[in-house]
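You will see chain A twice below: alongside chain B first, and alongside chain C after that.
Right, the complex of A and B next:
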C-alpha cells in the first residue's frame, strides 16, 4: 500500500503537478500579494480621487490611504529573503 | 456617464459624502426661519448655492429667485451624480432620478394644456433626469399636447402616452395623461433589480415609497368621499396594497387607518395616524411618511458603505433640504411665524 502511494507521488512529481521549487513559490507569493494590493488600491484610489475633486486639502490623506495596501507587498517581499 | 462598463461606487460615494457634509443642519435651519427672503438668498449665496444665486440674481428676485436657484442647484447636483456613475450604478440611480423626467413631462403637458408661454414653463422644469437639453428644448417648443407626445415617441413614455392621448381627446382632462406618465415611471422603477444585499435594501426603500404614495392617495380619496375609482390611481409594485384591497379600503377611512396602523409601517406612522383621526389633518400624515423615508434613508447609507445606498441617501437628503428651504421661503412670503414654519420642516 505504502509503496503504491510512493509510486503515485513519483509519477505526480514527474508530471510536474506540484510546486517544489522554493524560489518559484516565493515569487508566486509576492505576485499574488501584489495582485491583492492592486485590487485594494483600485477602490481606495478612485474614492481618494473623488474626495480630492470635492476638496483639494484631502490630497495628502488620499495619497497616504491609497498607498497603504502597498505594505502587503513589502511584507510578502520578506518571504523572498527567508527562503 | 452611461450604463456600460462596471460600477464605480467608490468614486461616487466619496464625492457624495463630501457634498453631504455641506448640507444645512439644524443650526442653519433655525437661522433661516428667522430671516426674510432677501436674507435667505444672501445666506444661500454664501453656501453651496452661490453659483445659482449669482446666475439668476439679475433676472429674478425675492422668493422666485430662491425657488429657481434651488431647482437649478438640485438639477445640477443630480446631473453630476449621473455623470460620475457608470454601469449598474448608473442604472440604479437613473431609475430614481427619472421621476424628474416624469415631473418635466407633466409640467410641459400642463403648460401646453393651459397655453402657458415657453419661458414660464421653462423655469418650472427640473433638469435632473435623463432627458438631455435637446429633448427638453424640443419639448418646450411643442405647442400642443399632440406634439409633446410625438417628441416623447422614442422614450419609455411614448407608448403609454399615445394610448392615453386617445382617452384625453374624448374626455379633455389631463388625468389619463398624467397617470400614464406616472405608471411608466413606476413600472421601470422596480423592474429587474439585482439580487445583492444593498440593491435589496434599495428596493425595499423604493417599495416603501410606492406604499406611502398609495396610502396618501387612498387617504385623500377616502376623506374627500369623491366618486372616483381608487383603482385608477393605484401604483403597482408596493407591498402594502393590492389593486383590490386599495379599492375596498379607500371607501372607508376608519378601516384604512386601521389597516395602515397594523402594517409593517405602523411603528413609524402610528403617531401621525392618531393625529389624522383626531385632527383630521392629512399634512401630518404626509410629513410622517416623508420623515420615515428620510430616517430610513439615513440608516441605509451606513450598513453598506460602498454601494448604491449612501448615494440614494444623499439624493433623499438633498431633495429634503431643497423642499425645506422652499417651505421656509414660501412661509416667510405668506407671513407665517418662525414656529409655524418650523413645524412644516422635515428634519431628522
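Right, the complex of A and C next:
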C-alpha cells in the first residue's frame, strides 16, 4: 500500500501538470479550506439553530460561532498571494 | 463616552407611616433601580406587600387571562385615558362573565367535535371495507381479524400457515378483513398467531347498529353542525374582543402599576416602624430624586447618597465615599450603613445621539459591565466604515440609507435604532462609492462627468487593469485590522492597569501588543525578503496615489521586531501560560480582516455580473484594460468590428434592442434585460446586508471584542412605569 502511494507520487511528480503547478496547488488549498470551513459550519449551524429553538437570546452567540470557521478560508487565501 | 453613566447608591429611610407616599413619589420619578434587600442588617427583615396587593394581583390575573382568551396583543388600543377603580371593577366583572361564558361553550363544542372526529377515525376504515359490522364477529367456527395490511402479504402467509383450513380475505383500499376457519384441534386465536409475521395493524370492531357508511355520514353531519355553532361562538368572541380590548389593555396597565407599587416593600428592609429602600440612580438625577421625595413627605424620610460607584472593580478601597457622609450617617437608622454589599451597579450606556443606536450592536454581544469600557463609540467609528468600504456603491448606499430613514422615522425602539445604524452604514457606502469612481450599481459614473476625467482610483480591482488595486485594498484591510486590534489591546491594557496594576497590564495587554506589532512590523520589514510578495510594499504608493513610497522597514527594525515578539512571548509565558497556545492569534486575527477586501471584490463582482448579463460588457485595451458596459446595439456592433482593440465579454441581453428597427425579439430582450438587472441588483443589495453586515459585525465581536470585552452587565430598570394605554389621573 505504502509503496503504491509512493509510486503514485513519483508518477504525479514526473508527469507534472496540475499537481506541480504552484498556482493550481494554491487554488486547491483554498478550495479544500473552503470545504473544511463549510463542513465545520454545517455542524455548528445546526447546533446553533437547535440552541436558538430553546432560547432566542442565543442568536448572537450562534451567529458568532457559525461564522468562526470562515477565517480558515481567508487564511488559505494568504497562500495564493505568497506562491 | 467609553464609560457608562456614573451611578450612585442611595438609601431612602423613613417611617412606615409615609411608606405609601414615598413609594408614590419614587414611582412617579421613575429613576430608582431598587435592589433587593438581602438581610444584611441585623434587626431588619424584608418587607411585606402593602394591603390590597392580593386583590390587585387577582384582578391582574383575571385581566391577563381574558386577554389571552381573546388574543389581545396590544395593538388594539383605542386612545389613552384615565380609568377609575370602580369603573374598572364593574366593567371587568361584566367582561369576565361574558367571556367566560362564551369560552366555556367554545370548549364544550370543541370537545364534542373532537369526540366525533375520533369516532370518525375509527369508523372510516370499516365504511371503506363495506361489510356490515355485525358480520365481522360472533361466529362459532370462524375467526375474524380486521386490520390495516397488504392483502397479498396476508394471503401468502395464511396459505402456508398450519392450523388454518380455509380463509378468505376481503380488502378495502388499505384495510383487510380476514375470515378463516381453523383446522380441527387448533387453539383459539390461531388466526392472529399466524399473522405474527405480517405487517398488520389490528383494528377493533366497533359496536354500532347502523351500517358503517350510514354511521359515518351521520357523524359528519353532526360535526358540520357543531362546527357551525363553534363559528358563531368565535364570531361572538371576536365582537367582545373588539369592544373590550381597549378596556382590558387600560385595566392591565393600571393594575400592573398598582401591583408594582403594592409589592415594592418586598425589596425593602423593614422594622416594625421604619423602612430602608436601597437602590441605584444615575448620579446626576440624585438631587432631583431627593427633592421629589422631600416634597412628598418632608422630613419623615431621609434620602442619602451612600456611594458613587467607581468604574474600577468592587471593594472598599475602590469606592469613593460621598463627601457629606460622616455625622449624618451615624444619625441614620441604626445599622443602616454597617456595610454596603458588593452588588454591581446597573448600567446606563451613555453614548450621545449619534453613537447611541450602535448600543444595539454592542448589546447583541452583551451589555457592558459597569467596570468595563463601553465599546459603543468604537463600534460607531468602525462599523459603518467597514460596511461602507465593503459595499462601496452610491446606488446601494442610497437604498440602504433610504431603508434606514424609513425605519428611523416610522418605528420606535429597536427598529428605530436599526434604522439609524442603516443610515450611517448607507452614508459611508455612498462615500466609498464615490471613492471607487462614483460607482452607481456597479457602473463607474465618473465617465459621465464633463471632460475627459481620469478617476484616481481605478476601481475595486475587478478588471485586468486594476488588479494592483485589489492587492492594495488587501493591504489596506490588513492595516485597518492592525489598527483596530491595537485599540482593543490598548483598552485591555488600560483596564487591566486600572483594575489591577501595571504588572497585570503588561502580562495581559502589553504582551499581546508586543507580539501583534512585532509580528506585523517584521512582515513589513526588509528582513528575509524572499517570500514576501512585492505588493506588500507597492500598495503604499498605489493607495497614496504615489505620494508615499515604502520599501519596507530596514532590516534592523526587522530584528527589533523579532525581539519585541520574543519579549511579548516571554511576558505571556510568565503572566498567562495557558494563553501561549494562542500565540499566533495576533497574526491570524489581523489576516482575518482580509475579509473586508474579499467581500468588496465579491459584491463588486456580483454587481458587475448582473450588469454584464443585462447590458453586455467588453474589456478595453485588447483585453488588458477595464470593464465597460455596452448598453446599445450600435455600440455592440462597433465593438464586434474592432476585436483587436476591445475584448467582448458578453453581448448583453438589452443590446438586442435596436431602436432603428423595433422588432418583437428586441422588445422582449429589453424587458428581459431590465428584469435581470432589477432582480439581480435586489439580490446583491440583500446579500450585501448578510455578507458585509455580518462580516463587519463578526470582526467587531470576535476579533475586536475578544481582546478586552466581556459584557454581562445588569440593565437599569428604574422603579416606575411608562404609561402607554392609560392617562394619568392628574
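Definition applied: the second predicted complex is superposed on the first by the 65 of 83 C-alpha atoms of A that agree within 3 Å, B and C clash if a C-alpha of one lies under 4 Å from a C-alpha of the other, contacts with A are read in each partner's own complex, and residues count from 1 in each chain.
Simple rule for what comes next: contacts are C-beta pairs under 8 Å (C-beta built on N, C-alpha and C of every residue); 3 or more make two chains touch, one makes a residue touch a chain.
As the structure is a prediction and not an experimental result, all values here were calculated from the model.
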Contacts of A:54 with chain B and chain C, given as first, second, both or neither: first
First, second, both or neither for A:27, with chain B first and chain C second: neither
Which of chain B and chain C A:70 touches, first, second, both or neither: second
Touched partner set for A:78, first chain B, second chain C, both or neither: second
Touching partner for A:40 - first (chain B), second (chain C), both, neither: neither
Chain B/chain C common contact set on chain A: none
Contact set on chain B toward chain A in their complex: 8, 10-15, 17-19, 84, 306
Interfacial residue positions of chain C with respect to chain A in the complex: 364-365, 471, 474, 531, 533, 535, 588, 591-592, 594-595, 598, 694-695, 697-698, 701-702
List of chain A residues in touch with chain C within their complex: 60, 63-64, 67-68, 70-71, 74-75, 77-78, 81-82
Residue ranges of chain A touching chain B (in the complex, touch as defined): 43-44, 46-51, 53-55
